[in-house]
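The data blocks that follow each hold one structure.
What follows is a pair of complexes built around chain A, which joins chain B in one and chain C in the other.
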Partner chain A sequence: MNRLLPAWVGLAPLAAVLVLWQLLAPANAPNFPPPLAWWRAVVTLATNGSLLPAVVETLWTFALGLFIATVAGFALGILIGTVRAVREWSGLLLEFLRALPPPVVVPIAALMMGFSPSMKLTVIAVTAAWPILLNTVAGVQAVPALLSEAARSLHLSWYRRVRHIVVPASVPALLVGLRVAVSLAIVITLLVEIFTALPGIGVLMVQGQRNYNSAQVFGLLALVGVLAYALTLMFAVIEGVVLSRWPPRVARR
Partner chain B sequence: MNARPLLSGLGGIGLFLGLWQLIIGSGLIEYDFLPSPWAILGGLWAMLGDREFYEEALHTLAATLGGWVIAVVLGVGLGALLGSSTTCRRYSLASVEVLRPLPAVAFVPLALLLFGFSLQMELLVIVAPALWPSLINTMEGFAGVPQRLSDVAASFRLSPIERLLRIDLPAAAPSVLVGLRLSLSLALVMSVVAEMVGNPQGLGYGLVREQQALNPERMFGYVLVIGLVGVCLNAILVMASGWILPGQFRRPQAGWDTP
Partner chain C sequence: MSVAQAPSPVFALRDLGYSVSIREGVREILAGVSFELAEREILSIVGASGTGKTSLLRIVAGLVAQSSGELSFRGVPVSGPPLGVAVVFQDYANALLQWRTVAGNVLLGIERRFSRAECNDRVASALSLVGLERHARDYPWQLSGGMQQRVQIARALALAPSVLLMDEPFASLDALTKSSLQDEMLRLRDETGASFVFITHDIEEAIYLGDRVAVLRGRPGTIAECHPVGLGRERDQVGTRAAPEFLRLRQHLHGAIGAHA
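Then we have the complex of A and B:
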């Protein structure tokens, strides 16, 4: 009986709250406007042509920043993970930097680079590279002993060992890091937009707040929620597909 | 043997700071907004003489801990409910999964709209995201109580309260503690964010104020202090966890990036 219920019944509480909100809140409630008012506010933004460029700008910077972060984080992670001296000498430094809240990068970059699109991209890339780097380092160290020994008995050079053994074996760790990096990159993208007023969804939210347009703020919050959920889901699917076809035996956490 | 990574780690930090000092100090790279480590230390020293700095640090600590406590009470409570009842889980898990990825920063404009520049604004921005790690980990802990232990509770006819205190809570504790630690790291991050773009108080505001005043020595001083606060909060919680659950607690690393 229970198995007949699909997973979406779990949405019931959320839906109930939204419906009750719609029914109980007066249409012109100043602080808590009903959901249909959110929808109208978002439609207004879409029709006056300010929504689409902002969404495109935010998603594009997010994607580009994440791409740079993935390449740089994975490469550095492989280097740190395979070269023991580098790992030991950088260990404590990495340990301190990982404890640093990522948002502090925003004012540093603002001071050193000014408010520019390249600053936005740099901040996203630097902060999102971090979880990828740390997880890759951990992944490299977790390469099965059998494989490392095989490499040693075949007298593989560093390059060939990395190319044929380390990189393939640490892709699952990269994916775990990527999952964290995706949500972090979304947060940082919005934060930079709110902080610097560089174009994007964050700016529209701040405008809504400054004009006391609560419907716009709620509407954009919902929109951001939908986008974030879609992106998370997309990367979860990609991760699942990659891992299910990955040749080495993979221990998933 | 164990000291070696620590020694080379310290050496690595020394080398990094030394190179930085050398490049900036010797004028090899002339850059207005990147002070040398020595100058940052000077900025930090000057800050430590300010009364204002201590008030800011206290404010951030209070907001972080206050938000954390609210988030933990809500998260552990809801998590215990969802973890121990399959029906509750079935009828709400999808809602949790939809709401959880909502980026925390997006709450800043909403919180400002509702509460203006105030502590409540900060608390909303902290609690909204810091809730999830506690909730999810508690839920997993409670859902993972071994069947045998539940059978024991049933055959002893334990009352629900006794069952909670003697069976479920101890069995779920390691997972709950992980949730509490992740929530705390997140609470600190979010209080800094809320102070950076919202409530003009605390360490986050100090950081932004010094940036806007083109005062890089002090700005990096704030960065250093915020990092140290994070390390200390995490260390305290790790120690407390080890004390509550001796033996079965692996030392986790500080950071917001552990999934």
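Then we have the complex of A and C:
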């Protein structure tokens, strides 16, 4: 692709808004503190030692939850896509569960499991698994029938057909699902932290809000934005590396 | 030249029929199909589209079961893909594992059956038979259509099959690639001693490659006629195609396949 401008130019409007905000807002504006005040609030959190553990906790929860979601979603997706009986049996159930908005899972999980770290992980895993699961099922069903016939004529066992044909053929679809799951998992991680006061960035945001420390809330919001952007970039790189073995037509999907 | 000898058939089909369920009931695809495939023979089966060519090949390959009649491979009724039979499909792009290297594709059918050293030998010799030894580590999608079809042929050859079933293998290739692969196939027949069932809609290709040409015709499709090709085993793209026998057969088959029936 032939870019007319470098990609970072896209960030210019955001930068312009921040600069204007800084210049136009009064230094002590209670509800709309200028960006430099955000920065000072975040630095304060960092120096009093509460920021780093919260960031680590949030990132760790996100990563673990997403990992569980990926493994479970992919495995279930392969099973549902491969075994026709399971697919027919689970079809309606999947349609129903998929229609539930992810945040409503939080109160149910809180009731069932209490405000525990495992509850946090469960909620993230359950909600982030959906896009992975559904994309994987679609991916399995898009495997060319000819490929399975070729494998059978080569005398591959059912297990080896799944392992060598179905699973790798579904990886591009898995990655499409993963792209959605990454942003969903970030949202849900923070949501659960805000909702349950379990440690993490979300809690710091709630604390800031309750203490009328709006600079802290804005600062953390900006921090989350940067973290999420970095994670998205990281997954794009991973995706590119994995898909380098696939035809460009598939990889571009 | 003509030694009186009763060769044992590799494949024998007796009164084979195949039908599928459709919404309006049952559609007969094949009916009363009978033929035998001899050792070291290339049997071309030529037919217009819709005569059940691909169905016939899938049945012979053991990928689907016939609805009626008998099919045996070296005297044993076929139930599932027989050992020693390899299939080459027309749609090479979908028949290959695009995410596996060329060598990985060729290895697919043999990796569990032989030692690693034996596998490596077989992959190397299969790739050199089709002239792809320098592309072992490429991915199929990086290769041209003709080369991808060679990968599929190498994957079949790695099994050291006694029969290759080919379903319009050269139909989606350009004319030059097609004729060079045709000649490679004749060379492979001489080097491996395998038999071939070669399915095509191309009359000239059927004659050029075949020791016999069978005509699949009608709906449901059936083997309407079968002609020995009196051209000897040595063929060449220019001379053979100009030989009187070639032209005679071609003219006859043009009428016989009944494309407008």
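Here, the second predicted complex is superposed on the first by the 238 of 253 C-alpha atoms of A that agree within 3 Å, B and C clash if a C-alpha of one lies under 4 Å from a C-alpha of the other, contacts with A are read in each partner's own complex, and residues count from 1 in each chain.
The working rule: a residue touches a chain if its C-beta (ideal position, glycine included) is under 8 Å from a C-beta of that chain, and two chains touch if they have at least 3 such contacts.
Given the structure is predicted, the values throughout are model-derived calculations rather than measurements.
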{"item": "Which of chain B and chain C A:Gly10 touches, first, second, both or neither", "value": "first"}
{"item": "Which of chain B and chain C A:Ala99 touches, first, second, both or neither", "value": "first"}
{"item": "Residue contacts with chain A in the superposition, chain B compared against chain C", "value": "B"}
{"item": "Which of chain B and chain C A:Trp246 touches, first, second, both or neither", "value": "second"}
{"item": "Partner chain(s) touched by A:Ala54 [first = chain B, second = chain C, both, neither]", "value": "neither"}
{"item": "Touched partner set for A:Val167, first chain B, second chain C, both or neither", "value": "neither"}
{"item": "Contacts of A:Arg152 with chain B and chain C, given as first, second, both or neither", "value": "second"}
{"item": "Partner chain in contact with A:Pro144 - chain B first, chain C second, else both or neither", "value": "second"}
{"item": "Intersection of chain A interface sets (partners chain B, chain C)", "value": "none"}
{"item": "Touch list for chain A against partner chain B, complex", "value": "2, 5, 7-14, 31, 85, 88-93, 95-104, 106-108, 110-112, 130-131, 134-135, 176-177, 179-180, 183-184, 186-187, 190-191, 194-195, 202, 205-206, 208-209, 212, 214, 217-218, 220-221, 224-225, 228-229, 231-232, 253"}
{"item": "Touching residues on chain C, where the partner in the complex is chain A", "value": "58, 61-63, 81, 83, 85-87, 89, 91, 94-100, 108-109, 112, 139, 141, 155, 159"}
{"item": "Contact footprint of chain C on chain A as seen in their complex", "value": "144, 146-147, 149-156, 160, 164-165, 168-169, 171, 245-250"}
{"item": "Complex contact set, residues of chain B against chain A", "value": "4-6, 8-13, 15-16, 31, 33-34, 89-99, 101-110, 112-114, 188-189, 192-193, 196-197, 204, 207-208, 211, 214, 216, 219-220, 222-223, 226-227, 230-231, 234, 253-257, 259"}
